[in-house]
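Below you'll find a set of structures to go through.
Look at the two complexes coming up: subunit A is in both, with subunit B in one and subunit C in the other.
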Partner chain A sequence: MEQFAPVKRAKDGQPIRYLVVDDSVFARKNLARIIGTFGGQVAGEAGDGVTAITEYERIKPDIVLMDITMPQMEGIEAAEKIVVQHPEARIVMVSSVGYQENIVAALQRGARHFVQKPVKPEVLYEVIKYVLGDDATVASAAGAGV
Partner chain B sequence: MRMELIQPFINSADAVLAQGLDSQISIGSLSMEEDAYRRKGVAALIYVTGDIEGRVIFDLDSQTAVRVASKFAGTELPESDSLVWETVSELANQVTGNAITALNDQGFHFRVHPPVLHTAEVGSKSSEDTEALVICFETATGNIFMNIALRYNRRRHPEQAAVAGM
Partner chain C sequence: MSHGPDDCNAEMRELFFETSQELLQSLNDEALKLEKNPADLECVRSIRRIVHTLKGDAAACGFRELSQTAHAMEDALALESIPLNTIAEIAFTAADTFAVMLAAYQRNADVPSSESLQKMLRKAAQDSDSEKSSEQRASTMSTGPAIWNEYEQLAIQKASAKGKHVFHVAAIIDPRCAMPIAARQLLLNALEGWGEVLATRPEAGSQKPGKKLEVLLATEKTSEELARRCRIPTVTLPEVSVQVVASPQPQPGKTNPQTELKRTDAAIAQSETGSSPAVTDPPSQGESPNTSGENVLRVDAERIDSLLDLVGELILGKSMLQQAFYELAQRFPKEAIRGRFLDAMSFQARVLSDLQRSVMKIRMVPVEQLFRRFPRLVRDVAKECGKDVELALSGQDTDLDKRLLDAIAEPLTHIVRNAVSHGIESGQERTVAGKPARGTIRLTSYHQGNQVIVEVSDDGRGIDSQKVKMKAVEKGLLTTDEATRLNEAEILDFVFRPGLSTAEEVTEISGRGVGLDVVRSVLQRLKGSVEIQTHHGKGTTFQLKLPLTLAIIKALLFHIGHRLYAIPLNAVAEIARTTESELHLVDQHEVLQLRDRVLPLIRLGSAPSDTAQSARKIFVLVISMGERKFGLIVDSLVGEEELVIKALDDRSISTDLISGASVLGDGRVVLIVNLPAVIERHARSRPGQQGTVASGFLLPTADLKLAQSKVEAQS
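Let's turn to the complex of A and B:
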């Protein structure tokens, strides 16, 4: 899998910490593998919206990657509940259902961006950099793996 | 079942499988299933509700499922590994989600339900308003079957019914 120039936290140079939320173990593993190529760290995982909220409170990640269609509580509702409590939360919806109404609903309820499955690593990489903005720095490619 | 409902699923499966398996995909066969659905191996079932209702089943024989899951995992998986089912399930989810996205652009509104493991050997028989179409995708790792049974929901908006009836 392609390696990308590592994205680090600007404030302390540490890896970006991710919370990965998807009811599919396969999807979570796949995202974890992609995150690794960005130099990121999976700080937590959740398989439904309810667990995502408690995990967010526990680990305070830099980024949440959130599926939409999940049992118990769907991703858009979970995103809204997290953002109400933590307006600074950066949540990127990752779903195979990418029609306009879904995207608009997610953005209106607090998500920062949307990526459609199957996830293309180069697309997610650009979205992560965009969402983090000045709170992230991109190390030179030569520094990758150091 | 109208082709306008099926084509987005074929396009979506072609795109998702080609990207995930990194190989050419071709349609080996396409047939209407009149008898009750009979499971071939590892099968994931997704229900769709809304303007169009029904279900989509992704079905792979056990050996193909292991090969596909191993390809996605980047390592050889045993048949008993739960990732085999998880992979089939997520493939079904991605294909259905992408197809629904395309259909939504045509004015249909849906809810896609999370995939469930289809364990029954035999499923329900097709009916007049919910015919099942079986599409076999030939891949380098084996045949992948998509069984689709969808019907228009009679309760949907009148203007959509008019469009569908054209």
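Let's turn to the complex of A and C:
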């Protein structure tokens, strides 16, 4: 597995903290594995939208990776609820091509970006860097991403 | 830089196979629900979500065929006009197809074709409204280069009249991004607050996949700022072209066609509301037990087994220690330190039993895991037989040792199949008999003492004991003479004998393969039992009784002919002391009058050789097997002990009277008696040839000696 130049928080140099939301355990583990290669840290996981909201409140992650189709509450609704409470929340929608309309809806409701399933690590890496913008620093080690 | 299938390491693959089994189960569940209520759109959504998850996971694991098939199915389900009543059938076929494909992946075998499913999907797609697809095709054609239409031209004029620059921003969509509409939305998000979007290409609401994104923007920013803003990694390529369309025109225009501008706004607004159908969806009620518990670990069963083995060794160690202590205490009866030893040992014993219980608990899984497969099974079998059968489940949360659960899957399947195909009558027959046309099968599980009971009952025709009797005689399992003597329960017992089937016609489903004799032998191997209750015309209940766990039992130890044996303590109802002279002979069978009932006896050891021994004291262990009670005559009792069962393989021992063995703290070997087999052997024995009673089942034979020496060698 490819390693990426670690992305750290600009303010304190700590690893980026992620909340991974997906109803598939498999997908969550897969994302956690990829996040590991970015030097990131999975601060929480949720299997549905309701849990995602409470987990967000609890851990205040830097990034939320949010699936679209989930039981209890779908990703769009969860994203919207989080953004209303926390306009600074950085939510990246993770879904497949078939749910493009839903991604559009999520983007209209405050999601910051999207990646497509199956998630390619180098794509997610670019997205994460973009979404974090100036709030993140990339370690100076050579070979940053693409 | 490939991140394809190879990245998915073995552990992820394992996880995938596990989670996908759960997905398939949910798929079956939803399909069943949908079949009952074809208008349930929530079910359709759930099915789509399940297939979607499967598709994603399979793709991440590099299982291309599966992912593509799931994708095709997801697409087909997305067609709004697909006939709802076909979806359940498609979902069943899909669940089967996916299961076969998964099995092939797991074995690294060639992936079988999914053609029959594909065919179903294509047909469903064809049946769905064709108008819709032509409409879609038309909209695909209507895309052109960035030529601004009349309204947009007016908007440009108006903006420049307001003193703004109007830029034409064109970005190429990153080839890695397959979602142009989402890309456009993200671009619009990026430009939000930067000015007024006058037009976009592709147009708002268009679903056309394109390679280029174009925006007409009225803004006060510079072209460089815009170009930078529109570079969005993974969505647009860095080469963004920004061209000036119109420059600020300082005079305020009065003839502005306000209405036109409003229309543009309205169009955008419309696209926003129009493209968010998912938000109005009611929250799904589907539960996903495996995802809610974030603290759940998945552990290989083997690891737990080895832990359990260690606990077993510890228990052995405990009894070794106890043995040594008793000897010590006998040798030094006045030693003061004994008290401290006793305290420490009882503390250790308590912790050990807690440890044992905790480890056992790890192995426990709810029977729901097994029950879940039956709704689909019952549906399939009922359909094949042309019957209307309802399955009612209860007690799904009863816990059972995982190994037991796996072992009873086959027998239970057999019984349920039988119940549908033979037990439940045809609808017509039922109506004639005054029963509801729809048959009911109940699957229940509950704890009873130290046992777990799994019951299958149907409200069908019941088993005709006369038919069983005739069949048994016909097959030579029974003489006509014996047949008249046997009671109902004893006759019913014949259905568990090999080579007896009362089904009049052999159906494809239940007339082949394992019979009830196999069911019984599996249950005996598990130290459980199977019983049957039937009422002619009213129905049949099969009761599987299982020990809570396999590996450690509380047992009663006794001697027969100087050899040590044990039976599970929970089988012993009471222990009676008597003398040989109290025993009576009825029909060449030994019996004991115990209070107000006559107890048939089974003599495990040898019968007394002469009458001089008639005053000899003996113990009778009263064993209850379901409704029936037996007495076992043993030579002497040793006591209770927790035994760690060591399984005997078939090569060690050829008698079925012994189900296992164990080693005591002092190294002595105990053979564990297989009670159901002993009772069956007793029932089959034909006394009377020499006028003697049946006895000596467990007298030391070559077989038993061999078994004992094997166990000694192992330990």
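Basically, the second predicted complex is superposed on the first by the 137 of 146 C-alpha atoms of A that agree within 3 Å, B and C clash if a C-alpha of one lies under 4 Å from a C-alpha of the other, contacts with A are read in each partner's own complex, and residues count from 1 in each chain.
To be clear about the criterion, a residue touches a chain if its C-beta (ideal position, glycine included) is under 8 Å from a C-beta of that chain, and two chains touch if they have at least 3 such contacts.
This structure is a prediction, so every number in the text was calculated from the model and none was measured.
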Query - Chain touching more of subunit A, residue-wise (subunit B, subunit C) - result: C
Query raised in the report: With the two structures laid over each other on chain A, which partner does A:P118 touch: subunit B (first), subunit C (second), both, or neither?
Result: both
Report task. Answer with first, second, both or neither: which of subunit B and subunit C does A:L107 touch in the superposed model? Result -> second
**Report entry** Which of subunit B and subunit C A:K129 touches, first, second, both or neither
**Finding:** second
Report task. Considering only touches as defined above, state whether A:G98 meets subunit B (first), subunit C (second), both or neither. Result -> both
Requested in this report: Check whether A:D62 is in contact with subunit B, with subunit C, with both or with neither, and answer first, second, both or neither.
Outcome: neither
Report task. Considering only touches as defined above, state whether A:D23 meets subunit B (first), subunit C (second), both or neither. Result -> both
Query raised in the report: Which partner does A:G47 contact after superposing on A: first (subunit B), second (subunit C), both, neither?
Result: second
Query - subunit B and subunit C contact sites that coincide on subunit A, given as residue numbers - result: 23-27, 29-30, 33, 69-71, 96-101, 116-118
Report summary line: Note: in the complex, subunit B contacts subunit A through residues 16, 19-20, 69, 72-74, 82-83, 86-87, 89-90, 93-98, 100-101, 104-105, 109, 112-115
Report summary line: Contacts from subunit A onto subunit C in the complex sit at residues 1-2, 23-27, 29-30, 33, 45-49, 51, 68-74, 76-77, 80, 96-105, 107-109, 112-123, 126-127, 129-130
Requested in this report: Quick one: which bits of subunit C touch subunit A in the complex? Just the residue numbers, please.
Outcome: 1, 3, 7, 12, 15-16, 19-20, 46, 48-49, 52-53, 55-57, 59-60, 71, 74-75, 78, 176-179, 181-182, 185-186, 189, 232-235, 272, 275-279, 281, 283-288, 290-292, 294
Query raised in the report: For subunit A, which residues are in contact with subunit B within the complex?
Result: 23-27, 29-30, 33, 69-71, 95-101, 116-118
